[in-house]
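Two complexes, one shared chain (subunit A), two partners (subunit B, subunit C).
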Partner chain A sequence: MMFKLSIGKGEEFLNQSITLGSIVALIAGGLSVTNLSTSFLNVGTNSNYAPLVNSLSSELTGLLFAWVLPVTFLLIFSSFILGLRSGQLTSRTHTILRYAGSPAGRVRQLMTIRLLLLSLTSWLFGWVGGLIVSQLAFRFVAIATASPYLIPFLSPLDILVLALMTFGSIFAGNSVLFLKTGSIIKEEEVVSL
Partner chain B sequence: MYTNVMERVWGRRDVLLLTLPLLLSVFLRTYPYLLYRAPWGTDGWPLFHNTISILTYSPTRLGGNPAFDDYNIYWPGVSLFGAAASVLTGASPLTLMPLLIPFVASLTTFVIFVMAYRLTGNIFVASASSLIFAASSFDSIFTASVTKETFAYPIFAASLLPLMRRFNLKNLSAFTLLSFGVLLSHYALAFVLFLVALAVPTTGLVVGLLPGDDGLKRLLLPAALGLMGITYYLLYAYPSVLVVTLTTSQVVSMAGYLILSSGILSYVMMTKHAKSLDLMFLLLVVIVLGISTRFTFAPFAPTLTPGIAILSVPYIIVTILAMSGFRIFPRSGRSVFMTGWLSVPLALGGFALFSTPEGIGIIYRILTFIYAPASVLAAVALAGPWSRLRRWKGPLATVVVVAVVLASSLQSYDSVVLHSNLLGGQWAYYPSDIQSAAWTQSHVVLNGSLSGDARVSYLYSGFDGIPVHSSAGFEFLTGINRNLTYPLTTYSLMGVDGYDLNNFGQPLPSNWFSLLLNNLSLVYNNGNDMIWS
Partner chain C sequence: MVVMIVVSVTASTTGLLLTGASYTVAASSGSLPGTITIYSYSSKLPLTSIIPISLSMEVGRLPGVKEATPEALAPVLVDNQVLILRGMNLTAFAEIYHPLFLSGGLGNAANYTVFLGATVAMQLLLRAGSPISIIGLMSNHNVTMTVGGIFRTGTVLDDEIVSEIQTGQLMRGLGSDQASLVSATITPSSFNASSLVNLLNASGSQTGKRTGYIQNSIITSGLVGIGSYLAGNPSEAVGQVLSRAIGLSQNVLWALVAIVSICSVLSIYYSVSWMLEENSGVIQLLNSMGMARRGILLRLLLLTLMLELIATSAGYLLALLVSRALAAQLGISILFHSIMIPNSPQVFALSVGSVALLLTVSLFRSGTFNLKEGNIAKQNFDSLETFEDTM
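The block that comes next holds the complex of A and B.
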């Protein structure tokens, strides 16, 4: 019941999760490809492809740094916009709950659960999607160009970094709404007194 | 819907529906040995060696004993079973095991029958699914040979039965006992079982189709297997050379594929939406197949001939039917089991193909694990509510099952009788092969080392303990290296399938035999095997 109330409309929740997950997937894909190029060089493989991989690696590393900042901003901005939309969609449920006599903390609890679920699903589908799409792409490119198959990968640390990034930005993006909802609840409490 | 197998009153038709798949299963798995009077398949030779050593030296220590190899003896289920059967019957392992172990493997079909019946309560579904599974070439050709997997698969399938039912102590005990049998026989299969046992309650808890209490308690099953596995490895099997090992980044990738396949299947199961996913999956299968006829899709994978691609048509039909069956399958605890059973091998297939550099060594073994649940779902689709075809449904479904079974069985014939290279045709051994290996062992040839392909290596090295260098012979025959360090063993099938390296025969130049005649002298010849020096 608690989960159903916090999720609200399943379709809307899924859309938000997929949107945020796609952004996380972009970061995860970039990370996995960068890992691949650095590990290839670190191994010290003596190969004709070394200059190509070297330049590709530096390009990718540069690209990643150029990516991370705007993509993180994009993640925070998207979660903020989605948070506003989410607030619109769930405010009716929250109001009903308040009028039905639910304590003020319960609404915050519902919001927290929703944000946790949103972060968890976005993170999960994000890194899984990013990693697998990059592996599929590299496999097909390797076939098309008859080049050796190098496998993009993510380390457990990358997964942890992505989790911190996703959970952090989603909570940060929704913090305004969270605080605002809190103040509305306080006003309502004053009025009811 | 659910009827217990034991509670059913069995009519003559029902008995026939059970007997047919069993007979087909036993026939397809035992006729290769009966045809050639020598063990079918390469992997059995070290296992025969271990079994004979157990009988010769018992009581003795298994692990770390030079009488055994340093890999198979750490998973000794099949060898212990073979030795016990040999003592009981008085027959030698080399005569008994090539017939007995494939017979044991054919019992997987019976377990599939029971599972399908428990899942659907429909005897037609049970019979059709076990027929489709029994005829599948990748299972029937592989399990006609003595391997650890051949012996472990029916135990693995039986271990899945407790996963279909609510948690209770009886089920936990049955699962623990059976899964220990799997662990003792094959570590990779034990790992797959662990993943399935974990996937079922996890999926059930996430989608809310298993009651919370039951779902959580079911996690005790993988926990028990995991604990047994770790203990077994730390106490006994740690010196074993593991053929499949995983790095941390590969574990992350595998987890990714597991999450993806479970997620997609759960979504389809719950919503019955996203029909485009079916089309995408089918398209992926056709693209991979199409690419494989022109290019090498994965390292060491062969380029498929159009003939082999055509032979895959029955599997594509089963895939389409299985996708339809999955949508028809009612949402319940049993559909959660189906999702877990199917998602794990699908995920491992994706992982093997896209996340490992040499995935082909794993992928051809995974097909049989995907095909078992797929055949049940295909049969569900055939028995489905096709209201417009009510009059024709029965005959049409029968025709489809018979066509799929015949087309799949044809591949076994193509492999066993016609020695088709890409279907394992070089797995046929003759009594003369065993004679040549015995002759070589009794004659010291240049420090006991030989060169020969993988087929020769498994027999000479795995059974008789003669070191064999596989690449040296290939390099000589293809002209890469004109100096042959070790005597070379050839056999008549080499002229049909080429030089067996990396799971199938590599083509040899047309003059390979005259090259041998002109440059080397013939040391041994029994009409089939020749040793050149």
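The block that comes next holds the complex of A and C.
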């Protein structure tokens, strides 16, 4: 029951996961293509060309980093907007729970579970979706241009970075709502007393 | 409005970085307006091209060609940093690029003298008279030279080292009869592209298969395969250079900008539905006072589209500033040249258009749902029903 209460309307939850997942997928796609370029450039032999290859590789990384910054900001802001909307949808449930005698900590616990589930599903949808789409795109380009098929990939470290980014952004985006909910509950406690 | 600014900043930053990277790749040849660059058809970029140096003299004799000079481009290592060394006739360098010397000057040119672009000099903390150790990455030659001057041209050469052509050939591993490209300054009124086509067709194999009459503008603002050469102005032919260099068309880059906007579609949808919910009381009041649903929606659409135009314009400007600041602070470079972030009307139009489209769809989808008779009252009980279901 707690699980269902924390999720609320399944359709809304799924839509929110897809929204945030699609933004995570953008970052995952960018990372996988950069990994591909780096592995393609690094042929593994130590030669005079090594500084040239390393320099080209760091140019790509720098470009990706500059792009990931605003996309991460979009991720945080989108999770904030989704937090506001989900606040509208769940606030009545939370109020009813409070009037039914649930402690304030339990309501916060429900919100935390919701955020954890939202982060987990967005992260999973994001990196799996981003990787699959970039691999499909490269396969399509390889077929269209009759060039060798280079496979974009994500390293375990990339997946960990994406997890930190997704969980961090979603919790940061919802922090205002989380604090606001706490103050509403306090006010309600005063009124009920 | 803030959502629209954030979406616009993200989409515009993507577009500006991709446009900047494309322009930097295309401009890395150093071609200026009013010049023609000739390099090997078989090479993806001017940097990797090898052509006979004698072509320069032949091109220089064509009608309408003021000056033709061979250039040898070589990637070199200086203080663990990869840079481009451009070997060329120093008199031609002064005439074509009009360098402004911040210190030293071409009068200091002697054997074993190089000239540094202002950006490179700042990065390496070198000044006129300093010794500089250069390693040719494609030739493995190692030489120590003297900085003859620091210049600024406002072109990609500010990120390069300029030397006499012999040094360029040595660092690139070319023979004395070879160069990377030929740069020709033309007089448009008297230049005849057909004479260049005939010359290039005659000197080499027929890989390019370009014959007959050809308009001047095709060469001065594009890139054309002629014989075993490519001729044109790579800086003006971004799409063609990109397509040859990495096999991607510019349309793919525009598609990436659109994808970023599309990934934000539900954020915009949720912000619209949040706004409608917050103002549901006013909307219901207007509706109950007799204002038609369509009228309310159209007024809302007009208002939000006006806000959208302001928000996306602000977002684009912010993206331009952020991209330029990030490029400068992070030292982002493409093909060893600092990335140039141009002001792109296409990126602006795409950003405004995609957000406006998403907003219109979201507003009608969300608004139609919210304004259905009794729907808001129904929504008020939704959470209660959810609660009761779970009990």
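One rule holds in what follows: the second predicted complex is superposed on the first by the 173 of 193 C-alpha atoms of A that agree within 3 Å, B and C clash if a C-alpha of one lies under 4 Å from a C-alpha of the other, contacts with A are read in each partner's own complex, and residues count from 1 in each chain.
As a working rule, a contact is a pair of C-beta atoms (placed from the backbone, for glycine too) under 8 Å apart; a residue touches a chain by one contact, two chains touch by 3 or more.
Just so we're clear, the structure is a prediction, and the values are computed from it rather than from any experiment.
Student: Subunit B versus subunit C on the shared subunit A, clash or fit?
Tutor: In the arrangement built by aligning on subunit A, the partners subunit C and subunit B fit side by side.
Student: Output check: A:164 vs subunit B and subunit C. Expected answer is one of first, second, both, neither. What do you get?
Tutor: neither
Student: Residues of subunit A touched: more by subunit B or subunit C?
Tutor: Touching more residues of subunit A than the other partner does is C.
Student: First (subunit B), second (subunit C), both or neither: which does A:78 touch?
Tutor: second
Student: Tell me the contact category for A:26 with respect to subunit B and subunit C: first, second, both or neither.
Tutor: It touches subunit C, and subunit B stays clear.
Student: Quick one: classify A:59 as touching subunit B (first), subunit C (second), both or neither.
Tutor: A:59 sits against subunit C, while subunit B stays out of touch.
Student: Minimum CA distance, subunit B versus subunit C, superposed model, integer angstrom?
Tutor: 15
Student: Which positions of subunit A sit in both the subunit B and the subunit C interface?
Tutor: After superposing on chain A, no subunit A residue contacts both subunit B and subunit C.
Student: Can you name the residues of subunit B that touch subunit A in the complex?
Tutor: Subunit B residues touching subunit A: 248-250, 252-253, 256-257, 259-260, 263, 291, 295-299, 350, 353-357.
Student: Which residues of subunit A touch subunit B once you look at their complex with the stated criterion?
Tutor: 35, 124-125, 127-129, 131-132, 135-136, 139, 143, 146, 149, 151, 153-156, 158-159
Student: Considering only the defined contacts, which subunit A positions touch subunit C in the complex?
Tutor: That would be residues 1, 4-5, 8-9, 15-16, 18-19, 22-23, 25-26, 48-49, 51-52, 55-56, 59, 62-63, 65-67, 69-71, 73-74, 77-78, 81-82, 84-85, 88-93, 96-97, 141, 145, 147 of subunit A.
Student: Can you name the residues of subunit C that touch subunit A in the complex?
Tutor: Touch list, subunit C to subunit A: 2-3, 6-7, 9-10, 13-14, 17, 21, 75, 77, 80-82, 137-138, 140, 247, 259-260, 263-267, 270-271, 273-274, 277-278, 319, 322-323, 326-327, 330-336, 339, 380, 382-384, 386-387, 389-391.
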